[in-house]
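In the two complexes below, chain A is the common chain; its partner is chain B in one and chain C in the other.
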Partner chain A sequence: MDLLTFIRNQWDRVAAWALIALGALFLLVGWFGVSGTVIPSEQLPYLMSGGLGGFFLLGIGAMLWISADLRDEWRKLDDLDERWAALQADETGDSFEGRTDARRISHPSEPPVEAEIAG
Partner chain B sequence: MTVRTGWGLRGWALWTAATAVVVAALVVSGGRTADAQTELVNFAAIGSAEGVRYHTVAAGAPLTDDVADVATPQAQSIVDSVSGSNAYAAVPYPGETVLTGPALATGAAGLPAAPAYPVLASSSHPFEPEEDIEQPGVRIRASSDATSSRAAAITGGSSAPTGIGRATTTSVSTLEQETGRLRAEAVSSAEVISVEGLLRIGRVEGTAAASLVPGEPVERSADLVVGDVTVAGQSARITPQGVVVGDRASALPVGPQVDLLEEAGIGARLLAPIETEDGIVSGALEITVVTEGPSGPVTQTYTFGRASARVSSQAGSPLGGGVPTAPAPVAASGEGDGPGTSMSDARVPDTPAAQNGAASADQPTPRDTEAGTTSPVLQAQPVANAFPLTDTVSFYLTIVLAALVVFGAAQLVRIMGVRSAWIS
Partner chain C sequence: MSDWARTAATRATVPWRVGDLTVMAGANLLGLIGLLVANFGGGGQADLGAELPWLRLGIGAVVVAGAGNALWLMAGVRAVAIRRRQLLERAPAIRTALRSVADQSNALPADAEALVAGPQMTRYHRTDCPAAAGRPVAPAPLDGHLRAGLRPCGICRPSGWGDGGGADR
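Then we have the complex of A and B:
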């Protein structure tokens, strides 16, 4: 997988890392600004931009990272669902072609997924 | 390309180390709060001077007896922990209503913007570092950098029987970052003052200076020099009690010229300097002219040489300070001036002018003390409402710590709540 494909597929994870790095940079620059002067009126812009800005960037980055993990989870579930649908198709002789969205396959009479996988 | 979805031991070790560093920095910063440097958390250095304050009271006048109360030229400089560094000079300062009212009115009415007040120079670091305005008879200038502000105003050119040849006000406020010393100095001077052609004063100069190093008491000094005084051409001097004609060696301190002044309703006296809790207001020369108006006596009071300097440094949060956020005229109130009038800090200069018809404020009088609490004096805005929070550095470290904690908690949610559920 090349870099562009990776970024396209994992955009939320890449954005999370970028925002986390940017937030850390904001906090670092803000620290140098705040500690570089004793005049609070000159410290306040760094406090607001560096401190609070870095805080929110880190927060958004962490949220996106969680979102990326949740997307991984969905991918895994989709993968399992596809495998299960493929097994079902093999057993019944139906064609699996064109049924790429496994989540739309729903048959109440079908056995549980765990049983199929275990089998 | 594989994606590492777990944080791993190294990641947690890094996060723990960063948190520990921030906590340690917070502890160190908290310990430093007791040091002198962090006592600069809530500070102010304010200098202010008025060339002449003109106050008219007309008995029986419509609406109010106080017909006019204006000071010109004015100069004020401020370096404080909230508004930063700013200064203004004006001839005169018209007040916020006059300055902002036209713009608000025209803006609300959708009209073109009103022209700015023409004889006000203001500066504020970093957005407006300097303003210099020169017009016929007027030169005003204000400049500000990160740790100092200066203002100066010069007016002159009156040839009326009652007028001033030239009036100058300057004010400087500075903060020395290396030592934390705050300084405020202001000078008010007027030259060639003439009152009804009878009383002439060559020069009045009032100086006020205050300096403060955190943890040490405020150093104050104030001077007042009144020179070259004549009454109907006769050399005279002015004391806190009034005008004295003749030189100091004369056995007859009061001459017939004083009667001329009294007949013209003219009085003059010196006002004592006023020591405030965090600074000093210089002495001043007060001249009163009483005339008969249509509905009663009209008293015109001219006060020359008023300058004030205030410095303060208090522990507390910069977010809780009560100092003004924009250049503002000094209040004409002496309330809260501290324990009382004192002459002990006034340095009376031994100048040739003082020896030759010049007078210096050397004794407080009951009238001076009363004047110190009721007459218009230069009074800079006090630092108030400081409530005990941490200083800015500690506050910043707290934000960093909170960011790390939130980030760590998010990682825990990510790993325990999302990944562990399906990779275990």
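Then we have the complex of A and C:
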């Protein structure tokens, strides 16, 4: 898979890591700024831009990362739902493409069908 | 279960509603604006006393953005949990239906030779084959065995033996 395809498919995780890295950079810059002076009124601007800005970016990055996981899980559930609908269609006599898969996984030399659902 | 939950669980391609997106984006936008205002306002002050209100504004802005993100994630987790529960509730029915399809596909035609195989087995056998005796096997049609990549047993020599599938040893 080339880089562009990966970025297109995983845009949310790529954006999450970019924001997390940027947030860490903000925190680092803020820390250096604060440590470079002993006067509180000169430290506060670094705290606001570096510290709070860094937290803000880290928060969005974490949110995007967890959102990507949730969306993946949702897609898997969606896939299971579709298979179930296809199976129901088969039961009622309608044709469906998933039938081949259902037969394949039901062969006795392979794990039981139930394992597919449970796993 | 609410109508929304039912609809979202069966129709949506993502676990969020437009309302969730609005709240999350709005909170982050508000947070960003608050943070920028706090930065520009606080940056121009020379003494600590004048900077503190801007710092409070900045902290508030980050809290607002964080709350928006938390609400977004909670909505997503909730929708996924509802959908997972719906699927689990149907699991027994799914299992029964899958077993029924498996039984249908494994049912042998009346005139077919009974051929059996089991988990971890690489060859299929006649039902009376000593190599299959006492092992957990199940019947399947010949083409099913061949599709699964199994070869005929060299002891009982079932259908398919000598076609190049098993006569090699």
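In the analysis below, the second predicted complex is superposed on the first by the 87 of 119 C-alpha atoms of A that agree within 3 Å, B and C clash if a C-alpha of one lies under 4 Å from a C-alpha of the other, contacts with A are read in each partner's own complex, and residues count from 1 in each chain.
FYI, contacts are C-beta pairs under 8 Å (C-beta built on N, C-alpha and C of every residue); 3 or more make two chains touch, one makes a residue touch a chain.
It should be emphasised that the depicted structure is a prediction, and the values quoted were computed from it without experimental measurement.
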Next on the checklist: Just checking: does A:Ile20 make contact with chain B only, chain C only, both, or neither of them? Give me first, second, both or neither.
Outcome noted: first
Next on the checklist: Under the stated touch criterion, which partner chain does A:Phe6 make contact with: chain B (first), chain C (second), both, or neither?
Outcome noted: first
Checklist entry - After superposition on the shared chain, which partner residues are touched by A:Trp65: those of chain B (first), chain C (second), both, or neither? => result first
Checklist entry - Where does A:Pro40 make contact in the superposed view: on chain B (first), on chain C (second), on both, or on neither? => result both
Checklist entry - Once the shared chain is lined up, is A:Asp78 touching chain B (first), chain C (second), both, or neither of them? => result second
Item to check | Partner chain in contact with A:Gly30 - chain B first, chain C second, else both or neither | outcome: first
Checklist outcome for this item: Intersected contact list for chain A, partners chain B and chain C 40-41, 44, 47, 52, 55, 59, 62-63, 66, 70, 73
Next on the checklist: Show me the residue ranges of chain B that touch chain A in the complex, using the header's touch definition.
Outcome noted: 1, 3, 5, 37, 40-42, 80-85, 146-147, 175, 177, 180, 318, 391-393, 395-396, 399-400, 402-403, 406-407, 410-411, 413-414, 418-419, 421-422
Item to check | Touching residues (chain side chain A, partner chain C) in the complex | outcome: 40-41, 44-45, 47-49, 52-53, 55-56, 59-60, 62-63, 66-67, 70-71, 73-74, 77-78, 80-81, 84, 87-88, 90-91, 99, 102-104, 106-111, 113-114, 116-117
Checklist entry - Can you list the chain A residues touching chain B in their complex? => result 1, 6, 10, 13, 20, 23, 27, 30-31, 34-35, 37-44, 46-47, 50-52, 54-55, 58-59, 61-63, 65-66, 69-70, 72-73, 76
Item to check | Contacting residues of chain C [partner chain A, same complex] | outcome: 10, 13-15, 24, 28, 31-32, 35, 38-39, 42-43, 45-48, 51-52, 54-55, 58-59, 61-62, 65-66, 69, 72-73, 76-77, 79-80, 83-84, 87, 90-91, 94-95, 97-102, 105-106, 116-122, 137-140, 144-145, 147-148, 150
